[in-house]
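Have a look at this one before I ask anything.
The chains carry the letters A, B, C and D, assigned in the order they are written, with residues numbered from 1 in each.
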Amino acid sequence: MPNGVPNGVREITYREAVREAMVEAMREDAEVFLMGEDVGVYGGAFGVSRGMVEEFGEGRVVDTPLAEAGFVGLGIGAALMGMRPIVEIQFSDFITHAMDQLVNQAAKLRYMFGGKARVPLVVRTPGGAGTGAAAQHSQSLEAWFIHVPGLKVVMPSTPYDAKGMLLAALDDPNPVIFYEHKLLYNRKGDVPEKAYRVPLGEARVSREGEDITLVGAGLVHRFALEAAEALSDEGVEAEVLDLRTLSPMDHEAVLRSVEKTGKLVVVEEDVKTAGWGAEVVSRVVESESFYALDRAPARVAGADTPIPYNKNLEAFIRPTPEKVVEAAHKLLDSRAGVYA
Amino acid sequence: MPNGVPNGVREITYREAVREAMVEAMREDAEVFLMGEDVGVYGGAFGVSRGMVEEFGEGRVVDTPLAEAGFVGLGIGAALMGMRPIVEIQFSDFITHAMDQLVNQAAKLRYMFGGKARVPLVVRTPGGAGTGAAAQHSQSLEAWFIHVPGLKVVMPSTPYDAKGMLLAALDDPNPVIFYEHKLLYNRKGDVPEKAYRVPLGEARVSREGEDITLVGAGLVHRFALEAAEALSDEGVEAEVLDLRTLSPMDHEAVLRSVEKTGKLVVVEEDVKTAGWGAEVVSRVVESESFYALDRAPARVAGADTPIPYNKNLEAFIRPTPEKVVEAAHKLLDSRAGVYA
Amino acid sequence: MRDLKDRKELLETMMLIRAFDEKVDELYAEGTLHGTAHFYVGQEAVAVGVMAALEEGDVITGTHRGHGHAVAFGLDLERMAAELLGRASGYCHGKGGSMHIADVEAGMLGANGIVGGSMGIACGAAWAFKQRGEDHVAVCFFGDGAVQEGIFNETLNLAAVWKLPVIFVCENNQYAMSLSVKRGFAHEPLSERASGYGIAGETVDGMELDEVHRAASAAVERARSGEGPTLLEAVTYRYLGHSKSDANLYRTREEIKQWRTHDPIQRFAAKLEEEGVLEKEAWQSLNEQAKEQIEEAFAKADQEPEPDPESALEDVYA
Amino acid sequence: MRDLKDRKELLETMMLIRAFDEKVDELYAEGTLHGTAHFYVGQEAVAVGVMAALEEGDVITGTHRGHGHAVAFGLDLERMAAELLGRASGYCHGKGGSMHIADVEAGMLGANGIVGGSMGIACGAAWAFKQRGEDHVAVCFFGDGAVQEGIFNETLNLAAVWKLPVIFVCENNQYAMSLSVKRGFAHEPLSERASGYGIAGETVDGMELDEVHRAASAAVERARSGEGPTLLEAVTYRYLGHSKSDANLYRTREEIKQWRTHDPIQRFAAKLEEEGVLEKEAWQSLNEQAKEQIEEAFAKADQEPEPDPESALEDVYA
């Protein structure tokens, strides 16, 4: 084993896992390149690409001017020509500048051209709040993109998935928006050294349980897990699902769990109204699983506000493990309904 | 009565109603102006502002260069200074260019500034498909904006509401996205000559019924009404709600109806996944009204595809009154569940 | 890609473009076509003059006013017609229509319904050429209106900084829909924007094919030899309305008439006569031939079947 | 709005800005502040030189590197400090933090966390002045990085076409985060972009207050008299990292040292000494006073209460 690591598995951070995927892909395939603001010698705003320009040079780890629409567009064109661009948007809030390129171009070219084009573009971007960076640097806007057919949207919560899903995203012939979370970058987890793929579009049962289903993704999937531990202490065994991919959404996995537990809480970081949690809830209640639900489902989400600067204010409007527990309690304490 | 019209009410088109609201507001208040591509002598891509530049001059009915981010930003700045800009985005698809300005600026300035700013901006834009204009000129992206706290989103379905809600939007101290539908412009309806306001944030029961609730907005609210007529012929009396405002959403009105009928079908034109219908469904099932539902709710929406050019293809993926009837049948025929 | 080495070919191609769009205009007028289209009539020398400077392996991006670019590039007329008619045999199987005709494999990277929407795409193609060490170029067509959009600034700057082999061809046809260049800019010529980016810029008479060809060749030459992008402004005019529905309220009949006296096809035909390439009056029969070719393309396309409605659900993902 | 008619005031204001941001830097270093901040240290002559050209009723928009603009405009130091500390008495009641300090009523239309984000807003204020027939101006501060963004093109063109009374002040501090101007542009000076828009452009030494003031005054004069916008580039340098977290890997110590020898405060102080406005060595005591004022502002702000957590739910809608 290299470095004497058993089975080549080490504990590394989420940041390192993302970097490792990029490095391995770039070593394998000369057509892969990374482009974004300050991804070179600066190493990216969150240090994700640190060291990469030294290995691959400025031609493949490309510092861009501030031109989010322009360089996303460039990525689309390069992808159309068969290259495999990874474009980094420094904070996911700035994706607002690239909406035309992502929505009207990347997502639709293939369809508009009658299926005779591919746009294998990966857009990596750190989302989420909790850093005191306030309203323009803290948003979770992933729900917008699941509303755009032609795009895939992934949001891994573990270093293992981060690496495996980024490699899968790079294999994918479609444009993929790859959401990272600033507060996950330092989280550690077991990651194989070798390249591997975690298929897009498959949720993962991260904890089994019979009593209630908690569905999360990204950072807040961890809140769901923490809440599950707390509930377990009270004798309530929650099943926790990590959606991992928001689009295409693995609602089948959610349905399976809800059929078992009859109770659903969705945990999401974005603004509650029209967040991706609404889609999860809707897919469950529109299906036969509606009749398996014995309680009204619930969403634990960000408040319907921008993200405030002050720490306490920010904490107040964000989801927390405690709020998940509270929602579970409320749900379990409410009157049960069982269909006749 | 002017023109001998009884009570000053005439039948006019939706287009004329929108124009009338703008004209009346501009006559009343010198701080109101209209800005957008080709809104002057061309009269707007859909003829909505025809004749206005002749009355108000080029200083207040302003043809802009193609610069959606720039002139929406300009509108925000003017609004911040107390003016009342109406900014037209020629097709709602091009709002992708103004996302930063709308989402990171217009929606958040007040909050970020601790409540010490107002952005009374109205952005009017024609949305929707059915015109054979294909994927980049046919989208319904309103769900994005209800996911953005600080914005209001309205989508009137009748000439009466179009006029009254546009005047209400112009009174509103918040940024309002005002969705019009290209296929509604020629629809006629009774509209009072005088100025009046239809409050934002209030749904309207457009048809009473006991058997099933159909919730729509904009063009497709009319599909819901048509479906209700067809159902009525079969002895099923649908209650139809016109949401009118998508944000803030009048879910109370939906709950009231669902409590009565126990059955819910949401009719929306946008892409189904993560559309605004998911939020309607979620608010219903998260509430006590969940227990009043005796069937799984349903959404009739656009398919999860871009909008194709060919007429038949386009019709195939769009909601229709027939599809609403079909969904209602399916729902009514499915097994009932009544909570114990 | 169309082989345009022959001067008669150049003329014939302009004629095809004109005949194509005049036919489309007619079909709209009679209500046969739905949706909308934008006509290239009057601007033919630009697409053809630029295309004549390209070689196999080069790529282009078009605009909403894109039929001319596609025909000049050499796309199949019948498949273009079929696309406008929404047929399964159309370039986009009826999913794209006028604004999205593309043949990516051949190097025509698509018309685009978003003004300025393909400027990044063209840079990306140029990026790929550069990265792969190929000496191809990407040509990005766009209108004067696109110069007003943000992406113009972003992409010209990127292309300048990275010396991408891309040629930005601005078809200044005097109007962005109803907005004249006079009202849309405080300074002309538009090519003078180039110096601020540190790239070459030139304005040419876009009604004069040889002028366009000469300037485009110089730009292509610069791009191939690693000297980076050029902003090439072709001053031209659209004879017809902005799109099928346009009352032309923003300009005068006289203005249109005046521009028509500089017609690129007539000018070039006259030149070919002078040069002896063409016999006197021969251009009229060439024109008839072009029209026939177009009639035939549409007639054949009209025989093609509609796509299966269910196909609307396909091609969202690869 | 700060009254900057007096030359000593100008110096004192620069000193306040520097002391403010050095204090903020210190507070980050010791872990007292959360989130992030961007320091104006080195660029003081720009904000102060421009502000000196303004009059009551004029407005400005700032940037992410916005403390300098706010202090120059005359915002209350304690309320600024309170905002950074997240207190209820801060300008934004703790909701905005460093990147969103604003006093809209006074005419400071806000710092902005989006690069180029306030360029449209400034045009809108200028639009309001014009429409209302007021002869005020709007000043839009932004960095060299913003020149690369799309909105730069859109707003300069709009302002040019409509002759808006707006002054675009580009603070070219040599870097957009880690991207040097050399790598971000293929052409300098950046003010030469102006001519392409048909507006006035000028580049000045941004380390020399009087130069900035002179050029800004000329621009303001043009704007007030209906001659439209100016692109004013002030060449300057940021001494500290891009934000609180920056290892400065993209530049050398020598470079920073070199620029520090042109320090705007020391230069201006020396000038005032020469002019006899200031007694020899008096600038040091002025500097001490500035530091004390800042210490006091932060000390007082630190006594202020935290906002009620529930207030996070307020102010979304008016």
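One rule holds for everything that comes next: a residue touches a chain if its C-beta (ideal position, glycine included) is under 8 Å from a C-beta of that chain, and two chains touch if they have at least 3 such contacts.
Please read all numbers here as calculations on a predicted model, not as lab measurements.
Undergrad: Going by the touch criterion stated earlier, list every chain that contacts chain B and also contacts chain C.
TA: A, D
Undergrad: Please identify which chain has its centre, taken as the mean of its CA atoms, farthest from the centre of chain B.
TA: D
Undergrad: Just the number, please: Cα centre separation of chain A and chain C in whole Å.
TA: The computed centroid separation for chain A versus chain C comes out at 41 Å.
Undergrad: So the centre of each chain is just the mean of its C-alpha atoms; given that, what is the distance between chain A and chain D in Å?
TA: 37
Undergrad: How many angstrom lie between the CA centroids of chain C and chain D, rounded to a whole number?
TA: Taking the average C-alpha coordinate of chain C and of chain D, the gap between them is 45 Å.
Undergrad: Where in chain B do residues touch two or more of the other chains?
TA: 64-65, 67-70, 93-94, 97, 100, 104, 111-112, 134-136, 149-150, 304-306, 308
Undergrad: Residues of chain D that contact two or more other chains, please.
TA: 92, 94-96, 100, 112-114, 117, 148-151, 153-154, 157, 161, 183-185, 316 - these are the residues of chain D that touch more than one other chain.
Undergrad: Drawing the touching chains as a network, do you get a line, a ring, a star, a complete graph or other?
TA: complete
Undergrad: Applying the document's contact rule, which stretches of chain C touch chain B when the two form their complex?
TA: By the definition above, chain C touches chain B via 34-36, 83, 86, 92, 94-97, 99-100, 112-117, 145-146, 148-150, 176-179, 183-185, 246-247, 249-250, 306-307, 309-313, 316.
Undergrad: Going by the contact rule set out above, which residues of chain A touch chain B in the complex?
TA: Those in contact with chain B are residues 93-94, 96-97, 99-100, 103-104, 107-108, 111-112, 134-136, 141, 143-144, 146-150, 247, 249, 270-271, 273-279, 281-282, 285-288, 290-291, 293, 296-299, 304-306, 308, 335-340.
Undergrad: Under the stated contact criterion, what part of chain A meets chain D in this complex?
TA: 37-38, 40-43, 45, 63-70, 93-94, 97, 131-137, 303-306, 308-317
Undergrad: Applying the document's contact rule, which stretches of chain B touch chain D when the two form their complex?
TA: Listed in rising order, the residues are 31, 33, 59-60, 64-65, 67-83, 85, 100-101, 104-105, 109-118, 149-150, 152, 173-174.
Undergrad: Report the residues of chain C in contact with chain D in the complex, numbered from low to high.
TA: Per the stated touch rule, the residues are 148-154, 157, 160-161, 163, 183-187, 192-193, 195-199, 228.
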